[in-house]
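In this document, chain identifiers A, B, C, D, E and F correspond to the written order of the chains, with residue numbering beginning at 1 in each.
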Amino acid sequence: MNKSTSTRELERMMDLVKYVIFPDYSDVPKWTDGPAAIREILLDQLPTVMAETAAPAVAQSFVNALPEIGRLLNTDVQAVAHNDPAVRDLGEVVLCYPLVKVMLNYRSAHCLHELGVPRIPRILTEMAHSATGIDIHPAATIGEYFAIDHGTGVVVGATSIIGNHVMLYQGVTLGAKSFSYDEQGHPIDKPRHPILEDNVTVYSNTSILGRVTIGHDTIVGGNIWLTHDVPPCSIIRQGRAVEIRDAQDSAEI
Amino acid sequence: MNKSTSTRELERMMDLVKYVIFPDYSDVPKWTDGPAAIREILLDQLPTVMAETAAPAVAQSFVNALPEIGRLLNTDVQAVAHNDPAVRDLGEVVLCYPLVKVMLNYRSAHCLHELGVPRIPRILTEMAHSATGIDIHPAATIGEYFAIDHGTGVVVGATSIIGNHVMLYQGVTLGAKSFSYDEQGHPIDKPRHPILEDNVTVYSNTSILGRVTIGHDTIVGGNIWLTHDVPPCSIIRQGRAVEIRDAQDSAEI
Amino acid sequence: MNKSTSTRELERMMDLVKYVIFPDYSDVPKWTDGPAAIREILLDQLPTVMAETAAPAVAQSFVNALPEIGRLLNTDVQAVAHNDPAVRDLGEVVLCYPLVKVMLNYRSAHCLHELGVPRIPRILTEMAHSATGIDIHPAATIGEYFAIDHGTGVVVGATSIIGNHVMLYQGVTLGAKSFSYDEQGHPIDKPRHPILEDNVTVYSNTSILGRVTIGHDTIVGGNIWLTHDVPPCSIIRQGRAVEIRDAQDSAEI
Amino acid sequence: MNKSTSTRELERMMDLVKYVIFPDYSDVPKWTDGPAAIREILLDQLPTVMAETAAPAVAQSFVNALPEIGRLLNTDVQAVAHNDPAVRDLGEVVLCYPLVKVMLNYRSAHCLHELGVPRIPRILTEMAHSATGIDIHPAATIGEYFAIDHGTGVVVGATSIIGNHVMLYQGVTLGAKSFSYDEQGHPIDKPRHPILEDNVTVYSNTSILGRVTIGHDTIVGGNIWLTHDVPPCSIIRQGRAVEIRDAQDSAEI
Amino acid sequence: MNKSTSTRELERMMDLVKYVIFPDYSDVPKWTDGPAAIREILLDQLPTVMAETAAPAVAQSFVNALPEIGRLLNTDVQAVAHNDPAVRDLGEVVLCYPLVKVMLNYRSAHCLHELGVPRIPRILTEMAHSATGIDIHPAATIGEYFAIDHGTGVVVGATSIIGNHVMLYQGVTLGAKSFSYDEQGHPIDKPRHPILEDNVTVYSNTSILGRVTIGHDTIVGGNIWLTHDVPPCSIIRQGRAVEIRDAQDSAEI
Amino acid sequence: MNKSTSTRELERMMDLVKYVIFPDYSDVPKWTDGPAAIREILLDQLPTVMAETAAPAVAQSFVNALPEIGRLLNTDVQAVAHNDPAVRDLGEVVLCYPLVKVMLNYRSAHCLHELGVPRIPRILTEMAHSATGIDIHPAATIGEYFAIDHGTGVVVGATSIIGNHVMLYQGVTLGAKSFSYDEQGHPIDKPRHPILEDNVTVYSNTSILGRVTIGHDTIVGGNIWLTHDVPPCSIIRQGRAVEIRDAQDSAEI
């Protein structure tokens, strides 16, 4: 009987990745050889989704990538601190912001996805989705100094490309607008999500859909439905709302 | 002393329901007699919310309904796969999408609600809400091939009626716009949420409020506040956003 | 070696706060001296974030505040019941609505914040954020009879001021629009979030940003991006969406 | 369906009895109302072995007896310390000697046995037997200042009567020699175990069998098979062993 | 890497064996298919000590033997009840006597030993030894209606042969007196423990050593060192102890 | 508030000691830095029984002693295998014999005792006593190649001195016969237990009491009460038992 992937073991692996990258903010005991432990869990779990013979090389490549994953995560932590006046020190970001949970899982999942591992990357990002309400597909491409604040409801689709110094607020969707089906009736997996260039900020609850490009140094306001390209250095905001004074009852809304 | 309802036991029951419906994706050991175990938990928990004498018949009816609940869930899984080009096989949907968690709980809760069980159905859907950010009231009516993708922030109110082949994206609200109070000052529980006919798709963050009908084969774009009926075969989208080139500072948004 | 803050102990403390305030809806055994247990956990955890000598006075002040926290929570429970026709009794609100989880943590965190405790308040509200998708900063000020329904995606920023009888639906953001940096390049922490006066209702997915004032007895519709003051007794709604009949394909959205 | 007795709950009850009697040597948190907790467990467990209506009075009587059980246990602790030169303080006896475990359970079980509770007393003493190798029947009568050292293999039968200041070493049996059967072929339960008067010491591995009386101030040496009365102020020892010098091989033993 | 035998899994297997044989005295939920569960654990654990290809047949043979193991255990339970006037019903023996724990493990271990399984039988009997102080080697042969009372310190060596209706009290050893070494210096494993014919009773702390035969219907008193054959229908007792009246101090013992 | 010693932490420490010494027979994951983990537990637990300033040096000394403790334990394992024909390989001794549990704890406890640590050594040996029925005082002195088989009921007193190649069977006591009291009425802690020279074997249930010397190369039979010196190369056995043929009833024993 084929062993099935263990979510519990993958959770343990992510605790170890956090321990390797942020040892001062982890419950894993200091006497643990983190990379060895991560390798052992991967050697046990990878064969549930791919050829057993390929597992050792993939596991080693992932362990080798940990320093780079750590470097990127540290840029993300700094980006959050740079964008939130309520932050007092970087430790507060690691302990109290959903960003670290979601980016630890996304950046690890993306690395495994790049190494050709099926299914496990999606399990890792769905774990983070359940804990934070932030859903980033492992196949998405995300640059340095990526910040999300609050984050509930954020969605980043599989073919999204995000530059450096991008900030997304809660409820932002980088989604697909439409797609076609192949001859067997399966939807076709081709580029269908937005490209956000460097230094883009998107405010809460805005949906950007389709293979559009948001030019660098652009600010997209909140609650917008955006399905076309935006040139660099733009500001976009919703049409003004209608106001009714001295309203008698809410039936009018 | 009156025993109180045990959330932990209800979680165990939902694990067993998942095991009965998707045995290959469950941690429950194969030697478990799932229906017997579910019946026993219900016989223990139902008396915390209703007359003990009524419990055996209700428990048996729920167990009898499991095959139909399973059939509906399988249509939901297929609907997600049909709408997401990133899906590689149905197993990935069961393992990596919040839909299964939320619809297992909703479809079970709806069945218990129909059998006249108070409170427990709401506990089941709130469990799924906490895990997925998707909040479907057990009293809502939902057809076959129901798909939710990402889903964080979706709300489906108690008197909503949803047809077949309906797809909701993250942040969609099917809510109430207003309601009246009875003579004791309690809000009156009457039809106040939308009706979505067959083949309706609603994009991210749109709110549809009140007892309105969205006609069949309609696409509702994202980030819309919709409080009136929509005829069949419509497309609705938000008014275009305002764009400002070469913005100097974000104070303008 | 400096002990670090234990999330697990803080979770246990919040279970005890719930037991003290809603003993009939808690799993904590009845023979527990709740205030003594809460004091002991605080005496153990406060020294991880502040001077050990200050801990006893802070712990005692928090325990002394429990009756007032309980009184406010009971007004919140009543407000939810008053605004949701699906509610059958107050017990259902305590058991099945995310409001109690999030407001127990926020009102406790706010009290500790007022007592000068660093970091722990943010850990408490982030716990509730992860469980409910509702993110309320401990420094925010919130009056009596505060109601949130569904709630996923709600964000209440650190300098928000909310009056009595305010109701927020899912996806509502009370956020900051912009902020300046000090000479060291740190963002400046000054009033930057909205003021909502008494009797304000905000519908789903609306974002209110900046130090604006929403006057009393106002209804703000859903999916609005609002960055300016609103006078009392107003009704605000989104501009009407564009409708296209007999749509052939979704590429038009 | 009849609930069955829960060994785990009875273990929790004994932890609480230890907490009430030796609070400084217990892991039970200080904020626990021990007697209330013990009463609640008894109210839950007694109906598994006796009429539910009788449970409240029995539970209350047991709680009322806790101070006397505690007084007796303290005399036992002092007796061990008085007989073992390796003891440094009474705390060491409570923490490091099997006596406290076995006598807590026996003295509690004996009290419940006297109150007419079936089966639970035997479960309590068998718990202690498994943990310490010391098997004291709950029906046995034991005076003050009772000491056991090491204790593995000690057996005290159901109709034994033990005075004050008695000391038993490991492997001592106070057993039955023979018994008769009634007309249905059941063994008859009548006095069949020894009486040990005050100030008796019995050394390791000695078996005293039958309804014999060991007079006060007597010392019984080790490894003796004793089936007759012994007058007060006696010393008894085994017949001298045979010695063989310069033995070539062990086949001779 | 070779998986090692899991003591925890073997403990779970013994819980299941108890559930199959004494379902009314087991915590295992009634909806468990016991034989299927036992088979699955064996299929997982047997390959840690023997060829994986042999595991299915051995596992099936063990499951097939469960009814016979159950029949023998029931005779053991009756034998204890027949020999202890303090017993009120058979349920008390199952719940409160170490016999059931030790004989469940021994009779299961013996069956696996007969099926050629290495090491696991010894782990099973050592588990029972740790819990009860009774150490029976899986290779020993034991008939029906075998009773042990109290039992702490009982040892039954690997080549012992025990008939029907045999009763052993605490501290009884059926051991080896001496053995020889082979050319490599390993001790030789040949018959070296006693044979007890039917209807033999051995009282507490007696040691019977070597390949001697104790004839049927014999009573061996306690605290005896016995290394020679005993004919049927014998009674054996220790030489009488020396008594010293009015002893002044214990130095004389 | 003074923290109290944690039995659970000490159990974890002993698991780690076993992992360091017998890594192939331990559940501790291979990526654990055993000595670092042991040091950390000691740094946490030692201050509960001694001056905090002394803890680092003691912890380091204990870690430094681990190789020597391991060397001694390996001689013990070999001694058991050399004395039991039923043993098939050394792994079986490590997995299935109580010796390893009891000697790991004794040899670690003895080392801590020599380093001047109070109370914790006794807690360690009492843990082993509860699990195995073997009670060795941490202050006792024991040479190499020490074997215990079965072991239930073995007691080795605090001032015992045991040479190399000594073998004790179950129920053997090396105890004190008598002691005097000081002026405050406390029993005086001076040499009062036996000395066993090299190559001594003591059979089951024998009690050797007082400061007597058992000369080298001696065999002491079972069930003997021995309170005087024995010259080297002796064999000692119990006086012959009395036999009664054709016994009618057991009242005669």
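We adopt the following convention: a contact is a pair of C-beta atoms (placed from the backbone, for glycine too) under 8 Å apart; a residue touches a chain by one contact, two chains touch by 3 or more.
Keep in mind it's a predicted model, so treat the numbers as computed, not measured.
A.B. asks: Centre to centre, using CA atoms, which chain is the farthest one from chain A?
C.D. replies: Using the mean of the C-alpha atoms as each chain's centre, the farthest one from chain A is D.
A.B. asks: On a CA-centroid basis, which chain has its centre farthest from chain E's?
C.D. replies: Relative to chain E, the chain whose C-alpha centre sits farthest away is C.
A.B. asks: How many angstrom lie between the CA centroids of chain A and chain C, rounded to a whole number?
C.D. replies: Averaging C-alpha atoms per chain gives centres 25 Å apart.
A.B. asks: Let me have the rounded angstrom distance from the C-alpha centre of chain B over to the C-alpha centre of chain F, please.
C.D. replies: 63
A.B. asks: Can you pull out the residues of chain D that are in contact with at least two other chains?
C.D. replies: Only 133, 152-153, 171, 203, 205, 209, 221, 223-224, 237-239, 250, 253 qualify.
A.B. asks: Does the chain-touch network form a line, ring, star, complete graph or other?
C.D. replies: other
A.B. asks: Which chains touch which?
C.D. replies: Applying the touch rule to all chain pairs gives A-B, A-C, A-F, B-C, B-E, C-D, D-E, D-F, E-F.
A.B. asks: Within the complex, which stretch of chain E touches chain B?
C.D. replies: Those residues of chain E that touch chain B are 29-34, 36-37, 40.
A.B. asks: In the complex, go through chain E and note every residue touching chain D.
C.D. replies: Per the touch definition, chain E meets chain D at residues 24-25, 82-88, 91-92, 95-98, 131-133, 150, 152-153, 169-171, 177-178, 203-205, 209, 221-224, 227, 237-247, 250, 252-253.
A.B. asks: How about chain E: which of its residues touch chain F in the complex?
C.D. replies: Spelled out, the residues of chain E in touch with chain F are 4-5, 118-119, 122-123, 126, 129-130, 133-135, 137, 139, 152-155, 157-158, 171, 173, 175-176, 179, 185-190, 192, 201, 203, 205-207, 209, 218-219, 221, 223-226, 230-231, 233-239, 249-251, 253.
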